[in-house]
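Structures follow.
Shared chain: chain A. Partners: chain B in the first complex, chain C in the second.
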Partner chain A sequence: MVETFQQTFGAPLWLAVVLASGLKVTLILVGGSLGMMFLTWYERRAIAYMQDRRGPNRVGPQGSLQPIAEAIKTMTKEDTTPLEADRVVHFLAPVVMLAATVLTFAIIPWGNLFPSDLSVGVLFFVAIGGLHTLGMLMAGWGSNNKFALLGGMRGVAQMVSYEIPQVMAVIPIVLMTGTMSMQRIVESQSGFGGLGWNVFTPVGFFAFALFFVASLAEGERTPFDIPEADSEIVAGYMTEYTGMKFAVFYLANYMTNLAICFITASIFLGGGNGPGVNELGGFLGGFLSLIYFFIKALFLFFIMVLIRATVPRLRVDQLMGFAWKFLLPLVLVNILSSALWVAIIRWDQQAQIFTQWFGAPGTADAPNFVRLGVAVAVTIMINLGALVMVMGLNNRASQARMHTTDEELALGL
Partner chain B sequence: MLKTEELRINIGPQHPSTHGVFRMLVTVDGETLVDLKPVFGYLHRNHEQLGEVNSYLQNMPFTDRLDYFNSMINNHAYARSVEMLAGIEVPERAQYIRVIMDELSRILNHATALGFMLGDMGAWQTALLWGLREREKILDLFEYVSGARMMCNYARFGGVARDIDDYFITETRKLMDGLPHYFDDFEGLLTNSEIMLARARNIGVLPKELALSYSVTGPVLRASGVPYDIRRAEPYAVYDRFDFDIPVGTVGDVYDRFLVRIAEMRQAYRILEQAFQQLPEAGGGHINPKVKQQSLKPPIGEAYARVESPKGELGFYLVSDGTGNAYRYKVRAPSFINLTALADMCKGYKLADAMVILGSIDIVMGEVDR
Partner chain C sequence: MNYIVVVIFLILSAITLVSGVMVVTVKNIIHSALWLIASFIGVAALYLLMEAEFLAVVQILVYAGAVSILVLFAIMLTRHVTGEGTRMLYERWWVALVVALVLFGAVITPTIWQQGANWDAAATAAQASITATGEGSPAGTAVASTINIGESFMREYLLPFEIASVLLLMALIGAIAIAFEERTGRRRVLTLAEEYALKQRGIVEPRDAEGAVVPSIEAEQAL
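The block that comes next holds the complex of A and B.
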């Protein structure tokens, strides 16, 4: 884009850079908030359909302008601050939340149309993803409200538990593709006629499932919407916010979810890759890739909506137990099996190393599909074994707990 | 160890999940609940005093406002108590109509109560709205037969206000055709969900002895393993003619209460089927024509009549001094008595559990505060 400004409009370099980044930031900010508006409408309509209701259907065609009406409503509402609140912290919290969220949009590869390349994209995402916890804690503390404080504390506890499985779930992909750049990760999935997505490998599938579950917690989606559990602590850390500040929290929340969907789609579902993208090429291919990308992200968001419409919320201690006792072991095992996967797939390279180090005979290079088959079998076995084992252990633990309760009951306690 | 401090929180009177204006004064240590003090009375509106000022019939619409989910059952209980006081005969057909309305109310109440409970648990309204959908259909029937959806004011001394006709019967049968499917849907939604099990099993355990000593009744008591149901223990109306089971739980936790309520909906469906089969043979009109509704003056005496409301034992105690209004009028409200066990059920669990436990008791503040 910088080159375009330089060549077409003859702008000096500094002006081109400023203009290009300004344009990008504006696009992301406007697109993100419009996307969030669309998402709220989409979610409400989808959930309404699942619940035998109609959902918003009055403003605009199919109620699609409802979010705009609501934006006007929130903007015209009175903006209040509690008397005893820490005014600065209270004011800054939504800003921090939104800033952290918007930053994650910087690394999303928008199909092949607007490539953005950061060599440590994945790392950037997990680092920035942890930042909006700060906003949550600031809101909880600054409001001087007990519900808000509980919500903020819950939020921090949740994030601390879930960042780790989330980060570690991406490591297999980094190992397999050998890069942290989102653009490269997407490019590496363009094989097999655009269907060489990471999710189709056993390691990638497990990583996808684990990453998505951990991301649900990061985006405060049901069953992990504990920091803002409306039936328990009113609205959690948002309790004391009204008007536009509340809307900013809401915006940040949905933009986080949107970003999570986009990033999961890029890392695991092949980003903009799909049948026909490489064949078409050029602008048309780029456009098609953008459409693929949006469809995948919306599909992921639909899963989030489906989960939200169905399951209850976990309790805060159960949530942490789930993160530490269930997700973390599985994620660690997945890293191991992804290492095996890489070793088996690139056996010919390993063989040379073995020959160099140990003087072992250079093994016959087995054909590709045999190596692939062995890799699939080994990783599936390891991962499924780990899943069964961890589930068994967790079940035994919960049954043991139940047993003691029964005994207590028998004693009449 | 860090020095920690207990936190006192007022949950309510304005709170999304306290089921009305109810306040829980909660002391938490982190997330663990140390103490809970229920505070109620915000909705007090002098119901019992009004009952002593009004004439007997005038009080009938006031009973609608007690447990506003089941006005049919409230009417039935109050009418039964006056009938006992004045020695009024009720024709068989009227009894059957009352039973049909009671069991429809039971389905309605349990469907919404479970929906609210799951809503408290965080299931985003799906279960609740499915329950409300069925409730809506039943309320339409009530509206057809009594003229009002919620405040039915349907029972009269010695019968019911209007007879049911063929349209009502066909519509109810049509509704009932869909009910088993609805029960299966509702059960299939979350019953075996891992999260539901984690949130409900062994939470809010109310042991049998404790439940009995609190004189808890209804599904909460039955979930604790006591097969006590007034329809069986002291059959009123024509309940002795039906074949139905009394579902009981084993542990007395939230999950048992959930299962017991679903099973009770299925039993209510069974009773309804039998009632509709037996209805054509039932003799007598819909009301005893000899009773003077407006100027009823029961002889001096007292009476206590109770029915099995979906929330527990609903009883009306009346003392007559021979005049046109009661000398003493007392309501034994099941929600109120069940609520007293809340603190013992909640202690030691997490703050989030307190909401679920409250939801599993199924209270209506209109009845608690009267």
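The block that comes next holds the complex of A and C.
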């Protein structure tokens, strides 16, 4: 893009860089906000049909202009700040939250278009997600309201716990592709006629499931919407916000969910890769890849809505137990089996016994199916074994709790 | 292009330094923690300016995202939530100032001692390679990539790395031990439904966390 500005318009280098960056940032901001508007409408309609209702259907065709009506409504509302609140922190909290969310959009690969190719893209996404927590804590504390503070505290505990499985779930993919750059992770999945997605390997599938669940908690989706549990603590950390500030929290929330869908689609579902993209090539191929990318991301969002309509909210202790006793062991085992996967598929000089047993490692054009088969079998065995074991352990603990006798209960054991 | 980098560097270091000063001068302890986060992010931006992307992201992930959040969390759990002004400047502030200056000097002096003579040469080399290649990190001052960092952890600095890991593991086990001990000594508090079910069946009185018999709800209401 920088070259285009330089060659076509004859702009000096610094101007070209500024213009290109400005254009990218504008596109991302507008795209993110429009995406959020679509998502709010889509989620309400979809969840309404799942609950045998209609959902918003009056403003515009099928109610599709409802988000605009709501934006106008929130803008005209009064913006209040509690008298005893810490005014600066109270004001900055939504700003921090939105800034953290918008920053994550910098590394999302739109099909075959990459706004910026950071060499540590995946890590960047998780690190910036951590700043989200800061906004939550600032809102909770700055409002000087006990419900807001409770929500903020719950939010921090949840985010700090679920960040760990989220980061660790990506490590298998980093091991398999040998890079943390989003661009190269997406490119590495273009094998097998555009269907060499990470999710089709056993390790990748496990990582996908674990990452998506941990991300649901990071994005405060419903089974994990503890920080804003409206039946328990009013609206959590946003209790004291009105008008546009409240809308900014909402915007940040939905944009985070959108970013999670995009990132999951890029890391595990092949991003813009699909049948026909490489064959078409050029502009048409790029357009097709964009369409594939959006279909995958929207599919993931549909799953999010489905989960929201199905699963009730967890209790706080259940939430913590799920992160530390269920997700974390499985994620650790998955890292181990991904290391085995890489060794079995790729090692040649490092372990010559593998070459003796299974033949030379395959190339991109001619994969070694013996090695592939052995790797699939081994990793499936390890991962399923770990899953059964962890589930059994957790189940035993909960069974023991359920079968407490009355005498034990009375003694408070 | 180079002037822009210098200007950005000056802005970023000003942000970092000002927030660092605010950390120790602001009266409200929560504000002080928030300024600390601003300072961490400023340092991360400086790393980014040096094209050390991995270091910058880890700085945000570990310091701005985890350490300072835990600091804030701990402050909020232990202090008065209203955050009344606490005086941060005591009479012997100059001792702290001297200690800080000595530590800073201990870090900066060897660097200047060793590299001071090379500054002009390094600057000209950087200029020459920038004009030659147009962009990218100048030759001879290549920034350590993620792979370099990983390899030096696993080879050159394996022992310090492992010792740090063992230290963290000890902290983890210690925390679990403390929490577990406290937990086993504590009784389970019954829910209202459990309490009610027990009373329905006329079984022993329910007890609270300390082991004292909980008065029944009717008895409390009668009082």
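The rule is simple: the second predicted complex is superposed on the first by the 383 of 413 C-alpha atoms of A that agree within 3 Å, B and C clash if a C-alpha of one lies under 4 Å from a C-alpha of the other, contacts with A are read in each partner's own complex, and residues count from 1 in each chain.
The criterion applied here is as follows: a residue touches a chain if its C-beta (ideal position, glycine included) is under 8 Å from a C-beta of that chain, and two chains touch if they have at least 3 such contacts.
Owing to the predicted nature of the structure, the values given are computational and were not obtained by experimental measurement.
When both complexes are superposed on chain A, chain B and chain C occupy overlapping space and clash. In the overlay built on the shared chain, the residue A:Leu150 is in contact with chain B alone; chain C does not reach it. When the two structures are aligned on the shared chain, A:Ile128 is found in touch with chain C, with no touch to chain B.
Judged by the touch definition given at the top, the superposed model places A:Ala229 against chain B, while chain C stays out of reach. When the two structures are aligned on the shared chain, A:Val89 is found in touch with chain C, with no touch to chain B.
After overlaying the two complexes on the shared chain, residue contacts for A:Glu163 are found with chain C alone; chain B is out of touch. Of the two partner chains, chain B is the only one touched by A:Met50; chain C is not.
When both complexes are overlaid on chain A, the residue A:Arg315 reaches chain B alone and has no touch with chain C.
Two complexes overlaid on chain A leave one chain B stretch from 59-67, 203-211, 239-247 or 311-319 clashing with chain C, and it is 203-211. The residues of chain A shared by its contacts with chain B and with chain C are 406, 409, 412-413.
Residues 1, 4, 28, 30-31, 34, 37, 53-54, 57-58, 60-61, 64-66, 68-70, 72-73, 76-77, 81-83, 145-146, 187-190, 194, 197-198, 201, 203-209, 211 of chain C are the ones that touch chain A when the two sit in their complex.
Residues 13-14, 86, 89, 118-120, 123-124, 126-131, 133-134, 137-138, 141, 144, 149, 153, 156-157, 160, 163, 167, 180, 406-407, 409-413 of chain A are the ones that touch chain C when the two sit in their complex. On chain B, the positions that touch chain A within their shared complex are 7, 9, 15-17, 31, 118-126, 129-130, 133, 189-190, 193, 195-196, 198-199, 201-202, 205, 207, 209, 251-252, 350-353, 355. Against chain B, the residues of chain A that register as touching in their complex are 47, 50-53, 146-147, 150, 154, 222-223, 225-226, 229-234, 308-318, 398, 401-402, 405-406, 409, 412-413.
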